[in-house]
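Per-chain numbering from 1; labels A, B, C and D assigned in written order.
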Amino acid sequence: MLDNILSILIFFPALAAILGFVVDKNSIRTYGVAVATIEFALSLLLWFFFDNSASGMQFMEHIALVPVFGINYIVGVDGISLFIIILAAFFTMIGIASLTDTKNVKNMIITLLFLQMTMVGVFASLDAIVFYVFWELSLVPMLYIIGAWGGPLRIYASVKFFLYTFAGSLVMLVGILVMAYLYYQTTGQWSFAILDWHRLVLPENYQLWLFVAFFFGFAIKVPMFPFHTWLPYAHGQAPTIGSVILAAILLKMGTYAFVRFSLPMFPDASVYFMFPIAILAIIMIIYTAMVAYAQKDIKQLVAYSSVSHMGVIILGTFALNIEGISGSIFLMIAHGVVSGALFFLVGVIYDRRNTKLMSEFGGLAHVMPRFATIFGIMIMASVGMPLTINFVGEFLSLLGFYQQSHILTIIAGIAIIVGAIYMLSAYKKMFFGKVTKEENKNLPDVNKRELIALVPLVIITIWLGIYPKPVLGPISNSVESLVSLMHEKAVTKEAKARIPNPSTLIIRTTAQEAY
Amino acid sequence: MLEPVNISLESLNLMTLAPMLVPIVGALLILIIDFFKSEQDRSLYVMLSLLILGIDFIFLIESAEIFTENGTIMGVFDVMLIDGLAILSQFIIVGASMLFIPLALSQKRFHEFSYPEFFALFLFMIGGFQFMVATDNLILIFVGLETASLALYTLIAMHNRDKSFEAAVKYFTMGALAAGFFSFGSMVFYALTGSIEINQIAQVLQANNYENIEFVLIGVVFMLASFGFKLSIVPFHTWAPDVYEGSSAAMAGYMSIVPKIAAFVVAMRLFEFLIQSGIIWLEVILYALVVITMTMANIWALVQTDVKRMLAYSSISHAGFVMAAILIGTTQANSALFLYWILFSFTNLGSFSMLWISRQKNLPAGQSSDHSYNKFAGMVKTAPIAASIMALFMLSLAGLPPFALFWGKMYMISSAVTADFIVLALIMALNSAIAAYYYLKLIVYMFMKEPMKGSDGNVSVTNATLSLKTIIGFAAVGTIFAFLILNTLLEFITAFVYGSGY
Amino acid sequence: MEMFLYIALFAPLVGSMFAALFSAKPKTLIAGIIPSALLFVSFIASSILLVYVLQTGSSIHVEMMTWMATGELYIPFGFVVDQVSVTMMMVVTLVSTVVHVYAIGYMSHDKSFNRFFAWLSAFVFSMMILVMSDNFAGLFIGWEGVGLCSWGLIGFWYHKESATWAANEAFIMNRIADLGMLIGIFLIYWNTGTLQYDEAFAAMPALETDVLTWMGIFLFIGAMGKSAQFPLHTWLADAMEGPTPVSALIHAATMVTAGVYLIVRASPLYDLIPNVGLFIASLGAFVALFAASMALVNRDMKRIIAYSTLSQLGYMFAAAGLGAYWVALFHLMAHAFFKALLFLGAGNVMHAMKDELDPFKMGGLKKVMKGTFIMMTVASVALAGIFPLAGFFSKDLILEVAFIDNHYIIYSVLLFTAALTAFYSFRLVALIFHGEERYKLFGIDPHEAYKFMLVAMSPLLLLAVIAGVFKMTYFEMVTQVLPATEYHIDSPIVYWIITIGTQLLVGAAIFYAYKKYTSRDIKVPDGTSAMEKSFGYKLLSNQYYIPYIYEEFVAKPYGKISAFFWSEIDQKIIDASVDGIAKAFYNTGENTREMHSGNLSTMLKWMVAGTVGMLSLAVVFGLAARHSDGVASILSAIGVK
Amino acid sequence: MEIGLNHYLVLSTILFSIGLIGVMRRKNLLMLFFATEILLNSVNISFAAISHYNGDLTGQMFAFFVIAIAASEVAVGLGLLILWHKRHNNIDLDSMSTMRG
């Protein structure tokens, strides 16, 4: 079974979704929870049997699809993708479990299960075309979720989301095809296998163009400034579960793809574009944080904060050293947990009041103390309080980038200030002060179903903040081999200099050596 | 005294005629049956046609086998040319026709299907198309083209609505003009080379190194105009939306596939050698036509309010997309053309069939067209499976993986990339994004809007019967699982295209 | 000994979590008692560690577990108890135990009693991490942790707008500084390859001065935030919105001194960069004066003490900047005792006065609040630096340091500030405890605090008096890790002149304050007196208009720019251009759909037009190809290649 | 002056142009059909002339086929025309524009 565990992980939810059409709509929630739990258990099994010390791909599967054109179904995980897969399974599980009563709950759950297939597929696939298939396919369930269960502007938001990301991915598709062609030219064989591509050394000018092509696909997905405007709409209109999964998993596809494609395939281009991208990332960080501060709608605020944090992830990725990349991958998971949780929390209050305007609240700490506590923890995690999960990622990302540029890192570090400004002022507006609105006086505190989602997230937030090693270790291993691949492949002198050679680094496992 | 004609029957290779003769004989058979015993149910003719096409298909398989063994065959005074292109396109023509015919067995009774002439004409048309693709003689192309076209005009008119007459007249008139262009173009080539066989034209032109280049170009212009009309290349496309709207949905779907593949094959035969000989003008013009056709058709499709008309523009756009293969002109591109068209025929026939099953006998109240977007509002509530399938076709048309058309698009774009048409590849790719908007619009209507007031829920599938459902199911399965047969298809197509020297 | 280390560290955490269990429930006495008891345990453990360190002269170092490890970076949860950190541990655990016990009484009527103890103990835990960590990252954990707890405690009464505002202000200001700290940490890591104190400091002498200077500057920026140095000082006065025990513990004794601790910790670094040290000292002296001046006219009891804290922090930085790390640390310790005492006393007064803070509205309270009166007076005397109380040994030492190092400007500023300190301290004492009983005008019936609160304060009282005794013991202990410079004025005459002169100056200031503020003429100021109208008074009472400037030129523009970014740039430029592209396509469609007018004639014309268009292009091209030589010559004639 | 190939070709082209203009200008369906006939038959002239000039029969064969096709076109076209006339009582091009956009 372990030989095929990845395929099982990918296609089990899809199969379950199809069978789900048969299940009665009164039992569908239980069905959904059961399926998602099994999926999550399987993903934990994956982790359990994952060899933490290995840096390469594990659980590889290889099935020929279109051998004449080099398209194969290849899946595998390494430290970089493993945890995002687990996270995807986890969020689907708690998402379904805590789903509030909506119309057409059956369609919702079936859609979520399909979405899960695409999410796991994206992170597990090691063939560019298969990757692309899942990448694009993930748009459809999300389109439906936003468009069918969203707010008043849902159609605009969902179509915008779809078209924008779709357009970006199409440019990426051209990039993929060019890449395959270059591989064909060099080796005489068609191949879309990412691991094959990793071994291909390209001249710098090709790298630059290809980098740009891939960049459009990834940047829109992330979303990077100035391609971010679909996100506030999508989040603003999406139902809670949609926002949660969008923020927690779907956005990570972009940043993950940078790590999986852009860095190892185009090391020189990555170095070449490091500063422009870093500047974009910095604009993302500061500008969107300021925009977040100007929001009146708490969900929009969290959406913009997502963009801001994604900027830090991008920055870490383009630090091009082990610290930065590991940090950015860890931050992907961290941001997934934290922003997912924040969207859950916004959903909790939206369910009660049907509004997301911060001015409608105030003094909620009096009436909903538990809610306020959890919200507070998540806000603190979001602003990067040490010993929460986000700090580890942000610290490492910024630390990593500091090696490349001092000034830019200092500017990027403003993130921790502006982040605190909008988050704390939002918290103050909603939770502090006196209860001014009559409707708010008798709001019930978080209930059990909501706690099912929130408590595990709080636990993860703190647990991985204190002890990130189980996650950071495997990530670090894989990143190390990634960086050494980049270093070896780099063509230009500058790239060789910018990308450290991991084999010369002293990797420590204890500080005792010094004493 | 003329010498007695002395030709051995074997050298005629009469086998080459067999696939074309089957539908013609079949058509005559249907007419004869009608002559002896009229007033038969349409199901008889449907099944008969299906059988005849089946036989046709078997003949095709045989010629495919012969081709794989012996390569290209000429026959009947070297008029017939059975090469890979001919076989592949005939497969598409006959296959798509077989998918189309059962659509006649709709729930609602439509005028045209009760006439046996309909089926006879239909088979004649197929015969015409088969002739058209299986020759490089301009006369035979002309004859085949006109036979098919005239039959097609009649078939459209037989739908017996005001709009269908209008459509038929428009199509016919423009077709006549296009025929004029074709004959003029042929005349120019004949004048230049003294031959009307594409092969020889090419040889002569190459031999004299295109000395009369402006006259060659004049000929090319008229040919382009003529095939531009058939392929609905902007600005020769204006008939397409009206004709699609005027004819029944099933017919429209059929028209978006079969006539075009026939025209593509001829265009490929005609223009490929010109492209290969590096006439920049042609490259520029084709480039412009391809880009304009793709983009403008997409843009026009954006603003449509009727789904069928939208699909008409979308078909124009797809044709423009595929036209790029002729411009690129590599083996991969030409294979991509066939691959694309096979996958497209699944999807597009499927989507038009979905319109067909949602067809009412008469215009719904308050609607100006048969298939306005409004009609599909909230379809997911009234007919969830139909809505899902329709969405599937739309997503496939938009080029969303892993559905059928994605693979076609991907392979086509790849061929552009491989031939260094990077910008073209980008334009082709981004056009999918524009197109996605109007495909999504239908999905939005179906999945995200509330049903119109007064629709009783069955409206969307009133015309469905088992045979229609079968066809749709077939198309849907083909659309979803295209990737499973992709390798086989690709190997097959590439071998055939390569084997015919394209 | 490691066990005691863990006990000292984690007992507050356990206490905090225990109290947190009850946080949503109404007051539960045990939620206050258990954390206090656990803190006492922590204090005992710290004392044992102190004794151990004193006796053996060695430090205890443990590595609990890995925190972050990737690439070359390796950060453990490592803790070190050496002479410096054990001093801080003693201060922290002692003061916090006192404050906890005190708070049981002080907060007894608050409905969020339990939550208070959860936060307060959490603060102590963070502070312990801060001081005990053996690396910069661990320090940063504590650094941010105390910031968080400070936020929670300043905004403890979250129904008050001013409290939550102050909480956010404190947090954000601290964050600004934390960025500096973070950058400093990055610099250290990328230059030394480690964040462990000992390794990093060992590697530093080999580095270039520029790099070291930047490290010093950035770390100091971090310290400036936490210790509220100019220009990041405004939050400290506003932080007085928190409950008074919080002010005593966090904003007087412990957290705000973290900046000084950091400089002391990083003494090997600052020793290498005396220029930065001088800057720190100058800034410290400036802040000392600056804060004292604001305390002169303020009419808010807690704010006066807060400014006094600020001023004393300036002293500490002056000492640390001049390289007298042990002096700074010693003043830190002494200051913690008497300032906490002062604050707790102020808390008693507040309770008595029903949260009235204006000392002008008090007066003559010594009759009803004898214990508090004594304690606050002693604390003020200690603060003023009168022999033989704690302040004399620590504060006057700083003056000497400045004098001996020949920094006479700093010396004179500090000396002048000492006089001001004495003045405002006794202005406060006089206004509160002496003179007319003005509170009667406001119908307040003051009463002394609970006995046990006074008892709880007594250790601080004792230490405020006798802390000077330990000076030499302390010196010997900490100089094992800190530079052991003894500051002695060589000439005994100069020494005596300076010492006695200082004492006289301070005494005169005290006397003047008493004279001025015990008089019966003191009225509650109503803004009409000539002094209140003077520019100087306004300047001082408005805190040099700095909060106003921050509000007008930083906070408000920030909000405006944010709104501008959102409504103008994000929506009207970026999003609009995205939508614009889509609209452009759509409008093109709308505008050109007339091409399909449905008229057959038009359609035919399009066909013919297309053909003719291509035809003309073909002719042009054909002619051009035929006459390519001619065309080429024409083209080259007009400059086209 | 001897009549050469070029004269025929020019004549053919002129006729073709007349046909084209007719196609564009005529609003009467019947006249439109005439114009298309002119188009097709103008080409026939060229075919015949070139065929004669080249001395092979292919061109003439083509011309015959064109004639045949033109004839059948007329048959279908007139059929459609009659149908239209039956329904609408006119054969004006401008009347057939119900579909647009």
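Methods note: a residue touches a chain if its C-beta (ideal position, glycine included) is under 8 Å from a C-beta of that chain, and two chains touch if they have at least 3 such contacts.
Remember, predicted model here, so these are calculated numbers, not experimental data.
Every chain gets a centre from its CA atoms, and the centre nearest the mean of all protein CA atoms is that of A. A straight line joining the Cα centres of subunit A and subunit D is 66 Å long. One inter-chain figure worth recording: subunit C and subunit D are separated by 94 Å, centre to centre, where each centre is the mean of the chain's CA atoms.
Rounded to a whole number, the gap between the C-alpha centres of subunit B and subunit C is 76 angstrom.
Note on chain placement: the centre of subunit B and the centre of subunit D lie 26 Å apart, centres being C-alpha means.
Among the residues of subunit C, those in touch with two or more other chains are 582, 593, 596, 598, 600, 604, 608. For subunit D, the set of residues touching two or more other chains reads 23, 96, 98-101.
Annotation for subunit A: residues touching 2 or more other chains are 163. Annotation, chain-chain contacts: A-B, A-C, B-C, B-D, C-D (touch as defined at the top). Within the complex formed with subunit C, the subunit A residues making contact are 160, 163-164, 226, 228-230, 287, 290-291, 293-295, 321-323, 326-327, 363, 365-366, 369-370, 373, 380, 383, 385-387, 391-392, 395-396, 398-399, 402-403, 406, 409-410, 413-414, 416-417, 420-421, 424-425, 428, 431-434, 466-469, 472-473, 475-476, 479-480, 502, 505-512, 514-515. The part of subunit B that touches subunit C in the complex is made up of residues 169-170, 173-174, 177-178, 181, 213-218, 220-222, 224-225, 228-229, 235-236, 238-239, 241-242, 280-281, 285, 296, 298-303, 434, 437.
Interface residues of subunit D, counted against subunit B in their complex, comprise 9, 12, 16, 19, 23, 29, 32-33, 36, 39-40, 43, 46-47, 50, 54, 56, 58-59, 61-62, 65-66, 69, 72-73, 76-77, 79-81, 83-84, 87, 96, 98-101. Residues of subunit A touching subunit B in their complex: 64-69, 71, 107, 129, 132-133, 136-137, 139-140, 143-144, 147-148, 154-155, 158-159, 162-163, 166-167, 170-171, 173-174, 177-178, 180-181, 184. Looking at the complex, you find that subunit C touches subunit A at residues 23-24, 61, 63, 65-74, 76, 78, 134-135, 137, 140-141, 144-145, 148, 151, 155, 158-159, 161, 164-165, 167-168, 171-172, 175-176, 178-179, 182-183, 185-187, 189-190, 193-194, 196, 198-199, 558-559, 561-563, 565-567, 569-570, 574-575, 578, 582.
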